[in-house]
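Paired with chain B in one complex and with chain C in the other, chain A is shared by the two complexes that follow.
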Partner chain A sequence: MATDTTHADARSGTSPRGRKPKRPFLHRPAVVAMVFLLPFLVLYVVFRVYAVGYAVVLSFQEIQGIGSSEWTGLDNYQRVLTDRTGFTALRNTMLYTIGTLLVLIPVPFVLAAILRSRWVARQSMFRSILFLPVLTSLVVVGVVFSLLLSTNGLLNGFLGLFGVPAQAWLETRHLAIPAMIIMATWRWTGINIIYFTTGLSNIPNELYESAAVDGAGPIRQFWHLSVPLSKPIILFVTVLTIFGGFQLFVEPLVLWGSGGGPGQGGLSAVVHLYRTAFTSFDLGYASAIGVVLAAIIMVFSLIMLKAFGFFAKDR
Partner chain B sequence: MLAITGFGRRRLRWKAVLIAGLLVAASCGSGDDDSAADGDGGAANGEAQDIELEFWTFVDAHTDFMQARADEFNEQSDEYNIILNASSADFEDMHDRLLVALQSGSGAPDIVDIEIQRFATFLRGDVPLHPLTDIIDNHRSELVEERTAPYRADGVEYGIDYHLGAWVMYYNSEILDAAGVDVDSIVTWDDYIAAGQQVVENTDAWMASIETTDRFSVLGPMLQNGGGTYDENNELILDSPENIEALQLISDMVHEHEIATASAGGQHHSEPYYQALNEGQYASVWMPLWYVTRFKDFMPETEGKILIRPMPEFSPDGFISTMGGGTGTAITTQIEEDKLEAAKAFLEFAKLTYDAQVSLYTDLGFDPFRNDVYDDEALTAPDPWFGNEPVMTNVQAMFDRLAPEFTGPRYPEAVLQLRDVVAYQVVEEGADPAEALRQAAEEIRSLD
Partner chain C sequence: MTVAQRKPLISSGTSHRPTVKKIAMTSVVAVIAIAFLIPFYWLLVSSLREPQRIFADAGQFFPSSLTLQNFRTVFNETPVVSWFANSVILTVGSTVGSLVVVTMAAYALAQIRFPFRNTIFVSILASQMLPFHLLLIPLFLLMIQLNLIDTHLGVIVPMLAHPFGLFYMRQYMLGLPQAVFDAARVDGASDYRIFFRIVLPMVKPALATLAIIFALEQWNDLLWPLIVMRSEGNYPLSVGMTTLVGLYRPRWDLVIAVAVIAVVPIMLMFVLLRKQFINGLGQFGTGTK
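Up next is the complex of A and B:
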């Protein structure tokens, strides 16, 4: 009892005689929390909040060259609506995002389910191997894929085995997006498998055992147990893939330099933003593109969340 | 003995912190003072003053070149001893960092290489580069004047190039011989097309390759025909009749005469293209003269087979070459005032003097833009790789028929339009050259 009282007093921060103990300023819980949080908060405020806020401010200015800026109201946003190159970039980005969604959700999910099954030995080894592309330097990835996707490259050699004629993946406008999706599939399948494996491991084995007793085979178990019970993780990976798709930047850069690829077929919205900011040094308009892009990503994400019933319990 | 109270201890602690701070500040300050003193003392004693200059580039070979010039400068100069801190970074990375440093007001180097495609970006608004007109004036009578144009704004020069970049035609003599074509019979573009038809009929090679993801194949003939992106008055001329005529010629070569095709890899700076050219898939290619280094570095099978000639002419006595690519070395306005004169003296020595221009050829393999060096024995020697001909002497013969290149305020965007859109549409999709150029020009004009 005495012990309980002491603990209670300690928790309430009062001494047994009802007086608050004198604590050095730096030892106060609120101060300690603030001290530990401060480095993050400072960095977050300076490099995120301030940067984003400043970008919004810049989006209302015309900045042409060093040291010149002029308030232009909504001119930059009006320009976004008539920017032909911008629309091409946005269309490419959306096609890429849709493509990656179609590949990078089902394929890693099925692979994760197979990897978790009892038929696969050395599961962790396979997971590690599949994760390796994520760790590979992008410069190396760019060089390797430039060779793989070249007209006389390995991919065409492989497709040739099935009678598919050689394709100029990196030199044809309509093949630029598929080329980037192939590259993204190689890079991101591994990490998505990790996500899905984590999700699948949270499903109790008893459910599978019960289903098996009821006569459900592996495919029925997959469709009627694994898929519906993995909805939260599928939603998570979907939103991440949308973010990644709209932020497409490095892939076109390593495949085609600062160019937009053949006939602008590889030009992404972020590469367009980057080129506007650094090649044209039109920081005001580049900021407006960034703000619009952020709004589009937000809308898409909300649509996805709504479609998956994320807001259902709020009602 | 004094008793130190709590209050006294706190005061002592603050004093200790204050003293430590002052010591740090003093040591930092004394470092500067020492270096300044060294320099001043050196100068006062008749010794060369140490000048530390930071130099950024995106070409490794340029760091070696400038370092070698700094060593030579220091041997000859009584006034300054240049300590060059040269560093090389990726193309995009270096230009982006430079832009951010100049915009933010700190962190920029003293001297920097800016590629021609990005140079115009730095000439907008308050130009953050020091004028170099005075040091160029010292050598102007000897220079190929056209080469200073791309780095000029409002009559003031802000950059000095590494080469002339004269546009030439590289012919594979082995393929032409097999096709029964005499290379010296090709004078006009009509001759070139006729020769191309012979090549296509009699060999497995194409006459020419056209880039679809870079600008050189389309920009070269445009400039040679008196077009380009801008005229001398800073007017955009992307859809000029000269450009349309040049692009129509390229389109005809691909679609009507079928002697040219899209280059392997989409551009002339790609592994697949080097491989294709090395294997003899193309009988010729038009590129600036600095492309000679690509043959020697990446295409060993072409040794002894490549002949360099002027571009075929559009009209009698018309231009037979122009200039392509380039990198202007500039001095940023963030350089300390007391270093500026030394930096200009060094840059003049490193880029504009006779010996420096000879070194541009001997060290880097580039064509110099100073007339008088072309008689130097280093440049008149025949080159076994290129038909054992005196390549540089032949280049000098083109100087009086060399079209200038002007780079206006939207040059970077104009180049992107050519490399991203126009070349691809015309070559791969058979678009009408006039319409493709009109749309590109409209896109550029809509930016202002």
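Up next is the complex of A and C:
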């Protein structure tokens, strides 16, 4: 690497950082740091810190048109507690999150393990194929699955081979969430396989070798080595899945607009917020929904971290 | 952190001929892989069906006839060329902007000692845990006040300070050999000189990884451009598609053609940069936006 030794005045700079008192203003460490940090910091303070504060402030107000607002105390939060549509949206979102957790942790984990075992040829090709859906936008996912899940669509055709009667996946209230879990399975399995593969490849080979010497077969090696030693990465993927699940928005919006689908069975919490804010223009109340939802996400993530003993270690 | 190819089970080393087990397992995986490819095939094949056959034949694996009619219609009836251009502008703008902002900040946080350095870093990182929906309404009102509604800047600027991008770049810079920096400082090089002459060339791999992630995120994003962009000519592809689905009578012939147009560039990029895509995204918590 070119270190530019043209003015090799090595004696003059005895210590690498900021101990010389007479530096020009723009070269003082704190000033240099600010110059480099400033663009990010300004954007961060305005569009993150200030915006969050603003969201909390708005949640205590009623907004009538842009620019005129009135303090209403806890009224918006009281409304959240009696918002039946809101509860439907929250229940749907939780069901979706739990459903995606039940599928998107075990399935990619097992696939990751299989995909690096000696029984599978062309491993990286298969990993790439399963990864492809990760690249598609959620809008496209919604569009494609509108076709695949239509009443005379491919999924019903496939299930028909096993004698399962055709389902109106996108027009039945209690099938809206399962339909979106099917979509999530296609969309996210590939990336979770990559996470788990990384985790699994960090387990020392010697452990498997000594387990094999002790007579443990592949299944036992999987349960007693791969699973417990992947705990950190499973925790990581779990938190990501919870975080993503609660933010469900694009798929229901594409499938059903902001109406929430059949009997509001596909109404997610963020769609409810979006509708309240940008269809009804009830910005204060929508902000309260946002704050409550953020709190719920935080609590769920913390519960998960606690359940995995994340706080037991000093990290 | 690469996707290692190491086998977890001891390779027997006796025979290299495929065993029954290997053939069976590979077949199972192949069936799953084919199932994962079907939606792509379905998108493509549906885009080539006649408009009235798209849902009528939604269960037909092989189309009775193929036509480019939908693509002709989409070019005639929608500003899809503008949508594509807008997607490109937003993607390039936000990727380049984020890279500049993130790399500069990462240098300060990795290489310079100054008061509250760790406090600043940790609080920025913690903001990655903020769900985006919480920022939606305040950012919308801010965009109105800043007169950035319905502008490309309005979509790009609020998203530039990418916390995880900063984290990634800082970690990368901390991994660079410290001796190089010390030597440069002994030689009297200023931080500005070090940044442009030494750091930038050395962090190229990290810039490439982040570029892929930022670009993919922006190309596929819906929620924020949906709120900022108001006039049809300013939509990116994702918003254009969503409005076509949201019509009173959804125009699926157009939607599917636009969807193909939106997916093809990414797939081409993936074919060219497969390793970078998989390794890059594998190091990131994607989809949290």
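As a convention for this text, the second predicted complex is superposed on the first by the 278 of 315 C-alpha atoms of A that agree within 3 Å, B and C clash if a C-alpha of one lies under 4 Å from a C-alpha of the other, contacts with A are read in each partner's own complex, and residues count from 1 in each chain.
By definition in this document, a contact is a pair of C-beta atoms (placed from the backbone, for glycine too) under 8 Å apart; a residue touches a chain by one contact, two chains touch by 3 or more.
Everything numeric in this text was worked out from a predicted model, so none of it was measured.
Q: Going by the contact rule set out at the top, does A:L135 touch chain B (first), chain C (second), both, or neither?
A: second
Q: In the superposed arrangement, does chain B or chain C reach more residues of chain A?
A: After superposition, C is the partner touching more of chain A.
Q: According to the stated criteria, A:L147 is in contact with first (chain B), second (chain C), both, or neither; which is it?
A: Both partners, chain B and chain C.
Q: Once the shared chain is lined up, is A:Q221 touching chain B (first), chain C (second), both, or neither of them?
A: In the superposition, A:Q221 touches chain C alone.
Q: Could you say whether A:I114 touches chain B, chain C, both of them, or neither, answering first, second, both or neither?
A: A:I114: touches chain C, not chain B.
Q: Between chain B and chain C, whom does A:T279 touch in the aligned arrangement: first, second, both, or neither?
A: It touches chain B, and chain C stays clear.
Q: Once the structures are superposed on A, label A:T198 by its partner contacts, choosing first (chain B), second (chain C), both or neither.
A: Only chain C; A:T198 stays clear of chain B.
Q: In the superposed arrangement, which partner chain does A:Q64 touch: chain B (first), chain C (second), both, or neither?
A: After superposing on A, A:Q64 lies in contact with chain B but is clear of chain C.
Q: Need the overlap of the two footprints on chain A, from chain B and from chain C, as residue ranges.
A: 66, 146-147, 150, 152, 253, 257, 278
Q: Can you list the residues on chain B that touch chain A in the complex?
A: It is residues 91-92, 95-96, 99, 102-103, 118, 121-128, 212-214, 262, 264-266, 270-272, 410, 412-413, 416, 419-421, 424-425, 428-429, 443, 446-447 of chain B that touch chain A.
Q: Chain C touches which residues of chain A in the complex?
A: Listed in rising order, the residues are 1-5, 7-10, 12-13, 16-18, 27, 29-30, 32-34, 36-37, 39-41, 43-44, 46-52, 54-55, 58, 66, 111, 113-124, 126-148, 150, 152-154, 156-157, 186, 188-191, 194-195, 197-198, 200-201, 203, 205, 208-209, 212, 218, 221, 226, 236, 240, 243-244, 246-247, 249-250, 253-254, 257, 270, 273-274, 277-278, 283, 286-287, 290-291, 293-294, 297-298, 301.
Q: Going by the contact rule at the top, pick out the chain C residues touching chain A in the complex.
A: For chain C paired with chain A, touching residues are 1-11, 18-19, 21-22, 24-26, 29-30, 32-33, 36-40, 42-43, 46, 54-56, 58-59, 61, 100-102, 104-105, 107-109, 112-115, 117, 120, 124, 127, 129-142, 144, 157-161, 163, 166, 180-193, 195, 197-198, 201-202, 216, 219-223, 227, 238, 241-242, 245-246, 252, 255-256, 259, 262-263, 266-267, 270, 274, 277-278, 281-282, 285-288.
Q: Which stretch or stretches of chain A touch chain B in the complex?
A: Residues 64-68, 82, 84-85, 146-147, 150-152, 168, 170-173, 253, 256-264, 267, 275, 278-282 of chain A touch chain B in their complex.
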